[in-house]
Amino acid sequence: AALTHIDAKGEARMVDVSAKPATERTAIAEGRVLMSKATLALIESGQAKKGDVLATARISGIMAAKRTSELIPLCHPLALTKVTIDIATDEKLPGCIVRASVKVTGPTGVEMEALTAVSVACLTIYDMVKAVDRGIRIEGIHLVEKIGGKSGHYHAAE
Amino acid sequence: AALTHIDAKGEARMVDVSAKPATERTAIAEGRVLMSKATLALIESGQAKKGDVLATARISGIMAAKRTSELIPLCHPLALTKVTIDIATDEKLPGCIVRASVKVTGPTGVEMEALTAVSVACLTIYDMVKAVDRGIRIEGIHLVEKIGGKSGHYHAAE
Amino acid sequence: AALTHIDAKGEARMVDVSAKPATERTAIAEGRVLMSKATLALIESGQAKKGDVLATARISGIMAAKRTSELIPLCHPLALTKVTIDIATDEKLPGCIVRASVKVTGPTGVEMEALTAVSVACLTIYDMVKAVDRGIRIEGIHLVEKIGGKSGHYHAAE
Amino acid sequence: AALTHIDAKGEARMVDVSAKPATERTAIAEGRVLMSKATLALIESGQAKKGDVLATARISGIMAAKRTSELIPLCHPLALTKVTIDIATDEKLPGCIVRASVKVTGPTGVEMEALTAVSVACLTIYDMVKAVDRGIRIEGIHLVEKIGGKSGHYHAAE
Amino acid sequence: AALTHIDAKGEARMVDVSAKPATERTAIAEGRVLMSKATLALIESGQAKKGDVLATARISGIMAAKRTSELIPLCHPLALTKVTIDIATDEKLPGCIVRASVKVTGPTGVEMEALTAVSVACLTIYDMVKAVDRGIRIEGIHLVEKIGGKSGHYHAAE
Amino acid sequence: AALTHIDAKGEARMVDVSAKPATERTAIAEGRVLMSKATLALIESGQAKKGDVLATARISGIMAAKRTSELIPLCHPLALTKVTIDIATDEKLPGCIVRASVKVTGPTGVEMEALTAVSVACLTIYDMVKAVDRGIRIEGIHLVEKIGGKSGHYHAAE
């Protein structure tokens, strides 16, 4: 095995995908923001009223997905056809579970777009509660599922 | 306690910091990219030669720190005076430990800039090895240390 | 009727357009910048010489059309195939009439791109004359015509 | 009178503000999105539930304020210290009234930042309801109030 | 002959390419950064160790290629399928030779993307050594080769 | 001598400038676009009429100066206080001479901002005439003058 993003001289490159057909591809990624019970309660009370903490995080994640190729140096620019972000609060963590689902019809997959959306949505939640809770951690950012492309269907083991 | 980023109507806002003095502030954040032993070996062999995997991740993290206020909706734009990214490979994880250190002379802190730099550097490492390892996870993104500002020195408990 | 950009839970999403065919679509939008007669005369005398006020506004509008999906959270990124901006000065307003025409071959329309181009071109005219006229207003930003897509040809009533 | 953004040769320039002191400046701008009664009802029912239409517009406006100098060619980059967006629904219009308030401590004012925030928030509302209402118009984008700077306090006449 | 980017009124426009088929196109561009022998030696000693000067320049060039349509006002946005940057040090110049190769499947060519990648990679090298050498010059940025499109194969004369 | 942008481990970093005072700094840079006599005549005839070729290039250079820290990985973000671009046509070259002048009050200089402005303005001229002239070259991008900062006044030898 070798790293596709590194050429024979050991140098970074944006891989040539011009010979790959444009097919439909989906990726789903997930991550968690862990916080204190009291902090989560503040988000949830906000949620009961206007929900702006989670709405802000959702929007930031959707917008970040579209800018993935600006942030990740070797990612190809792609015309995404769908981005959704779901955020669930979970009192057992306690914290929030962020899940992004991204689609494209293109020559490469959208794992990085889904993972970037999750990461930025998690950071936005962090930003909004950091003044009341300094021990927040973002954990478990990973690919949940990937559909389409040469390598076929992938589903992370639980 | 209440969320500073949410006003009395429950709506998101960029907090008014115009009355806060511009003082020197530092933040250090950290995160980990967990992968298989074989994947880590590929990065390290690359590192021995030209090091482009980790160099690319470092650059992406530095550049992302500068774009934090574009990504995180309620972050204030800040003229950062220093950004460094250190990435260590660790065979016990196995994986990479990414640490960002950011400085500013300004009215607000730079936690989000350090955390964004770490997140994007981790995502870039992920991107460069994802073709050989689908089980990669980004874990433990958190604030390590914060110096300056009204709330004083903070150091995360080990 | 329901809002397509809001899902069943009431949450914002970028609509899935992956099943829609890529077809040619055009949108034309318009807006007006109202100012005093004296201010308009300054623009027109500039126009007689080098035209940099209107040239700057045209360029800003063309560039803004390309960044629509960065600005409008739920817009899909699209590879625009044409953007033109026409600006006419009108002494009866008095002021400027800005019209943008945008084309794409893609799964969604380009109304927002045309409207964003008009808005930013109007703001740029505002910026260039605001030092001499504080009562400027931007009015009547609307879709003039839309060609292509499932919903067919639309032409705004006069 | 002459246009400050145009030099003696008639060419656009970013004005030299290096000799101007950094002082606190505020700008408030406003605009309206006019739509049918039925469309407004859809936004308001959404508002009753989760409010994502207006929350999305607020976030887009705050983020756009921070990117003003990227969009408006001759605007100076500024480290904004506050951005808030208030959106009221008004059944008499019928439609939405968008108001932005922006602050900075700097050598130039923030009218363009407030006006850009209003414009983009209006465009985002437009985007979210355009599928059910094609006759939407954005009207009356103007400066409401300006505090600070050499020219002193300005308040638009009603 | 007439300038395609200027219409009959003498005004800038983004040319309509909607009727042109999407075909594979490649462009290769080159430029040089000239510096003193001592400065080049510093880069090469760095290169012997970790190579971060040239790695940073390579990454900056790849990322700039993707942002060409944001920088060059009348460029069409394109979904690039390949970007590589090669940098050779040359003791006879003395200095660095930067070469970019860009591919797309689209309705227009990618000369500007290759030239922008070269320019930004050259500027990044300049930035990293400017503190030790103020006489650096960037020279000879030009198109080397162009494949595909209506005008056929072009190869610059030596 | 050592490279300030590379640390003791040979790794790229954004240098810590937090201890440097904010002082006024100016940089002037220059570059040339060489083309055929016939191509230059096309620009000049355009210039006589509306001047959109050179106006577009000027605007692109001003806007690029503001985005320097996004393009050049280790550049500090700076709140520029002035950017001007002068473009002269020269029949002896034949071609265009582009000169940028940039100011800031900050802890670091603005050479890179002036050089980036020149580079992008040159690329924009290239873009607008490339369809009629494939042999265009960008030459001689260099720092002309630098005022302010610890290293004092610098003026390039003729």
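Things to note:
A, B, C, D, E and F label the chains in the order they appear, each numbered from 1.
The rule is simple: a contact is a pair of C-beta atoms (placed from the backbone, for glycine too) under 8 Å apart; a residue touches a chain by one contact, two chains touch by 3 or more.
Note that this is a predicted model, so its numbers are computed, not measured.
Of all chains in the assembly, those touching chain B and also chain C are A, D, E, F.
Graph distance from chain A to chain F, where chains that touch are one step apart, equals 2.
Rounded to a multiple of 5, the Cα-based rotation taking chain C onto chain D is 180 degrees. Both copies, chain A and chain C, contribute mostly unmatched positions to the interface they share, with under half of the numbers common to the two. A straight line joining the Cα centres of chain C and chain F is 30 Å long.
Residue positions of chain D touching 2 or more other chains: 11-12, 50-52, 55-56, 58-60, 63, 67, 70, 73-74, 78-79. Arrangement of the chains shown, judged by which pairs touch: an irregular graph that fits none of the line, ring, star or complete shapes. Chain pairs that touch one another, listed by label: A-B, A-C, A-D, A-E, B-D, B-E, B-F, C-D, C-E, C-F, D-F, E-F.
Residues 50-52, 55-56, 58-60, 63 of chain C are the ones touching chain F in the complex.
The residues of chain D lying in touch with chain B in their complex are 24, 55, 58-59, 62-63, 66-67, 78-86, 103-105. By the touch criterion stated above, chain A contacts chain E in their complex at residues 7, 11-18, 69-70, 73-74, 76-79, 106-107.
Of all the residues in chain D, the ones that touch chain C in their complex are 1-6, 9-12, 31, 38, 42-43, 46, 49-53, 55-56, 59-60, 63-64, 67, 70-75, 111-112, 115-116, 119-120, 122-124, 126-132, 134-143, 146, 154, 156.
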